[in-house]
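Each structure below is given as structure tokens.
Look for chain A in each of the two complexes below; its partner is chain B in the first and chain C in the second.
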Partner chain A sequence: MALALAGAAALAAPPSTPHLRAGAEHFRSGRFEEALVEFRVSDTLGEATDASWYVAATLTKLGRAEEAHEAFAQAERRSPGGRDALLDFYRALACHQLRLYTCADAALVAAGTRAGPTVAGHAAKMRAELMTVLRAEPSRATVDWYFERAREAEARSQLALAAAYRREAAALARRRQDCYRCDGTASAVHTSQAP
Partner chain B sequence: MSRTRPLLLLALLAAAPVVAAPGSPTSGDVEVRVLLREALETHAVPPAELPRLPEAATPATPGRPEQAPGKGVKEKASAHASARAREVLEQLRLGKSPARAGWQGKDVEAATAQERIKKARRQAPLPGAGGPNSPGNNASSPDKPGPP
Partner chain C sequence: MTPLLLLLALAHAPCTPPSPAAGVVDARGAAAYVNAGEMEMAAGAVRAAAFAYGAALRLDASNLRAREGLARACARLREDDAVEAASAHLDAARPREALASLKEVTEDSARADDAALLRALALMELGEDTAAHTALAPATRSPGAAGTARLLEAVLAFRADRAGEAEALLVGVREGRARTSAEALLPLLRRDERLRLSAAVRAGWDGNLARVPEGADESGADGATALEASVSWTPTGARGPLLGANALLSRQLTQHAFDAMVVDAHGGWRLGWGEALAGASYSQLGGSPYLMALRLDVAARREVGGLLLQAEYGVRRELFLRELAPVLSSQDSGFSGWRHVGGAGVAWWRAPLLLRAGWRLEADRADAAFYSFVEHGPEAGLTLLTESGVAVGLELRAAARRFLDVDPSFGTLRADGVLGAALTASLPMDAHWSWLASLQGTRVVSTLPAFTHGRVAAALGLRYTLGVP
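And now, the complex of A and B:
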């Protein structure tokens, strides 16, 4: 009977779980490179785990925002149920690093107040700063900058990132009175000759 | 049938390790979730840089990796080098050639992850996955030349 009890206690966790745990411990201690390795292993071994979201969050902390953005998009496709308010905050940070400010704002709105009072405070402060920037009319050079980043991202096959830059460019273009490159197709060279 | 036989059978069945079905939370899962949430909350800090719309000459990304509080640039660089050295040493312990173990940057990260995946699979094969000698499993030839 003792053997039976011992066996029942030995309910083995899926092989990805120890790596998820190790990743969490590294992350908590600020060892993001080690955390990234563990989360990637967990993601590869994982069965219905949400490790891909933590890969994305860790890339954000490492300042690898482009990869983080792609990773968030991939996580959303693969494990939509793994998304939560805290991860939305990290997604906002990745967008912010990439100067995708409307993207950051949308992620902060999604995070809302569900991420706890401290993070909600950070989110409110960030949104206020973003509003200040987004209220002003963007220059043509700004709109061009986002379209150029979209083109570069596409060339590197970072399709989610390219789409995000394009959305940002379109959102900013609509804020201009002359709706410069509003259709998203006109080239910068062509339109720069326009009045 | 003796009275002890059903009990013995029950004991043997219970002693067999059971892998939790995907999606079914165990107490370990809950513990990991709590740990993950705590870790994310600890480092959820707003960006130091104020948002500013880019102009023509603005670099693609303004973001930088977070500096650990109280750590200087030199110290941080040294910690980073130590982490890389640990990864390289681990590769050497796994029987890699020094050329392969000395991969830099992202290669080290990818190689380390790959080695850990192989190791984990050797220790606990996934349901439906082939054994160490099954086609497509490179676990038995760890020194196979890697990517350039």
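And now, the complex of A and C:
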């Protein structure tokens, strides 16, 4: 990651270059809060839209997965060409922290096709673990849990996260034999509680 | 390393007063840092925010938003440090130091809720429950802390013997981790049932049941089975009246002179500081009436600085039922009398360990002075109690026993030294059934060789307990 960031920073044009480079230096030294600030500054100064990807990756590293997920979505909108295999791997980590397992799997698939041997190895191992999680038929409570997280994220205006939870819920619902809430409708409990 | 990195590395401590780069003012860069600082502050990442504001001031010392932001972030960091320090002090059982650390945190601080909860915990550690209740008040009104505050309120209510209120508070805890803790506590609370029934069956081996002297050819060993049952009723909960009864029936494999039957009934009152009980018991030995006893017991306890001080005294009128117990043969008269037992000790609890130490004193004033004795000595105990309910205890004791008159049968004054150890374990299988195990050893050295003996006994058992709220 640090090498990738240093390389990216070298390609960026001034004046954001020093901040990208400073962010990469902090990241490499494990000072992720300082790295995040530098990447945010670089992003604000607007000289390198790639910085938003690094903001997202650093948020993942800080364990701020919800913010990271939103940041990845924003980076994808603003700089679709800025992604690389390593950033996709960080995106998979963020999804995994949020229990968005199908999201994580999709990001790992994207990473795996372009990654070097080290990242590809990590991605393959993580996918194998995800397959174990996803193999069993999800319970109704699990499907409800994801819809509930989607509702909460929407209430916090984390729209990308809400959409991801809803996609995850729908994907899990389709894997149930009774296709419980496959159409995305509220559960009986929620319906009865609706005003 | 670039000059920018060098500047940032020098400023690694986020609240270090910034030194503006000489002759360099970068208002646009400073504004970008301020923007990052405000994003981090809003996300609760205060250290990152302080770093961002500091970096902004180094680029533009006149940036007011950066200056105010840095002051705000650093104040918050000091409060974070105070809360972390208080938490560490509490973990290390230093409640007074925890309270001192929390003075840094003001009531309008973002960490006020955490500080209120920690303050209450520290006061509870110190036994100042009324002050702890007051300290919790702001947290109970805060959505983010109300669940944990209610949890602590429940503990306070339980400690004040208001079990019903404690249960209602725990049931009302709905929030996240606090709810998990409340759900874990509820069964423990409900374990304090008003009516409690217990029955146990044990089988064991006693290496010297008959207390055969060392060097004798005969063996005093025997196996035994026993049935035990008990009932206790506390109609008003932890405080108020207490009624109870116990029964024991044991049968030896070979030495049936030691077959025993004991029934006991008692009643009394439990108070905040202790309890007072009166009871009566009747026992048979070898199938014949053996002993009847009336007793009065008083116990008191008080928590001081994390230590539980305990004292107890009991007096027992013993009436040996003459000529009926074969093991007493012709020596059955003169045993009856008054027995006084007292003790004082201190207990210290630090999960999962309970340590106890104390001194025990016993005076038996039998009708025949040569059966009367005074015994005293230290005792200590260590109990390991896990969250799953497994309890393992080790008890050690030593005593010096001195009889008050010369036994005419031996023509000399008897004095004994006693060493004892007991290892016990209780392994719960579910809410009602538990496995029991015990191993005990005693060594008595007497001035009369006939009383010098050693004894090792082991037993396994199964206990059923039923509580009714």
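Definition applied: the second predicted complex is superposed on the first by the 172 of 195 C-alpha atoms of A that agree within 3 Å, B and C clash if a C-alpha of one lies under 4 Å from a C-alpha of the other, contacts with A are read in each partner's own complex, and residues count from 1 in each chain.
Methods note: a residue touches a chain if its C-beta (ideal position, glycine included) is under 8 Å from a C-beta of that chain, and two chains touch if they have at least 3 such contacts.
Quick caveat: nothing in here was measured; it's all calculated off a predicted structure.
Once the two complexes are overlaid through chain A, chain B and chain C clash, as defined at the top of the document.
Between chain B and chain C, more residues of chain A are touched by B.
In the superposed pair of complexes, A:129 makes contact with chain B only, with no contact to chain C.
In the superposed model, A:141 lies in contact with chain B only, and not with chain C. In the overlay built on the shared chain, the residue A:91 is in contact with neither chain B nor chain C.
Of the stretches 1-9, 73-81, 91-99 or 127-135 listed for chain B, only 91-99 runs into chain C once the two complexes are overlaid on chain A. Across the two superposed structures, the residue set of chain A contacted by chain B and also by chain C is 15, 19, 21, 25, 31, 33-34, 36-38, 40-41, 44-45, 62. Touching chain B in their complex are the following residues of chain A: 1, 3-8, 10-15, 17, 19-21, 24-25, 27-28, 30-38, 40-41, 44-45, 47-48, 54, 57, 61-63, 65-66, 86-87, 89-90, 93, 96-99, 101, 104, 115-116, 118-119, 122, 125-126, 129-130, 132-133, 136, 138-139, 141-142, 144-146, 149, 152, 172.
Taken together, the chain B residues at the contact with chain A in this complex read 7, 10-20, 22-23, 26, 28-29, 31-32, 35-47, 50-56, 58, 60-66, 68, 80, 83, 87, 109, 112-113, 116-117, 120-121, 123-124, 126. Against chain A, the residues of chain C that register as touching in their complex are 1-2, 4-5, 8, 12, 28-29, 32-33, 35-37, 39-40, 43, 45, 47-48, 51-52, 55. Interface of chain A with chain C (complex): residues 15, 18-19, 21-22, 25-26, 31, 33-34, 36-38, 40-41, 44-45, 62, 64, 67.
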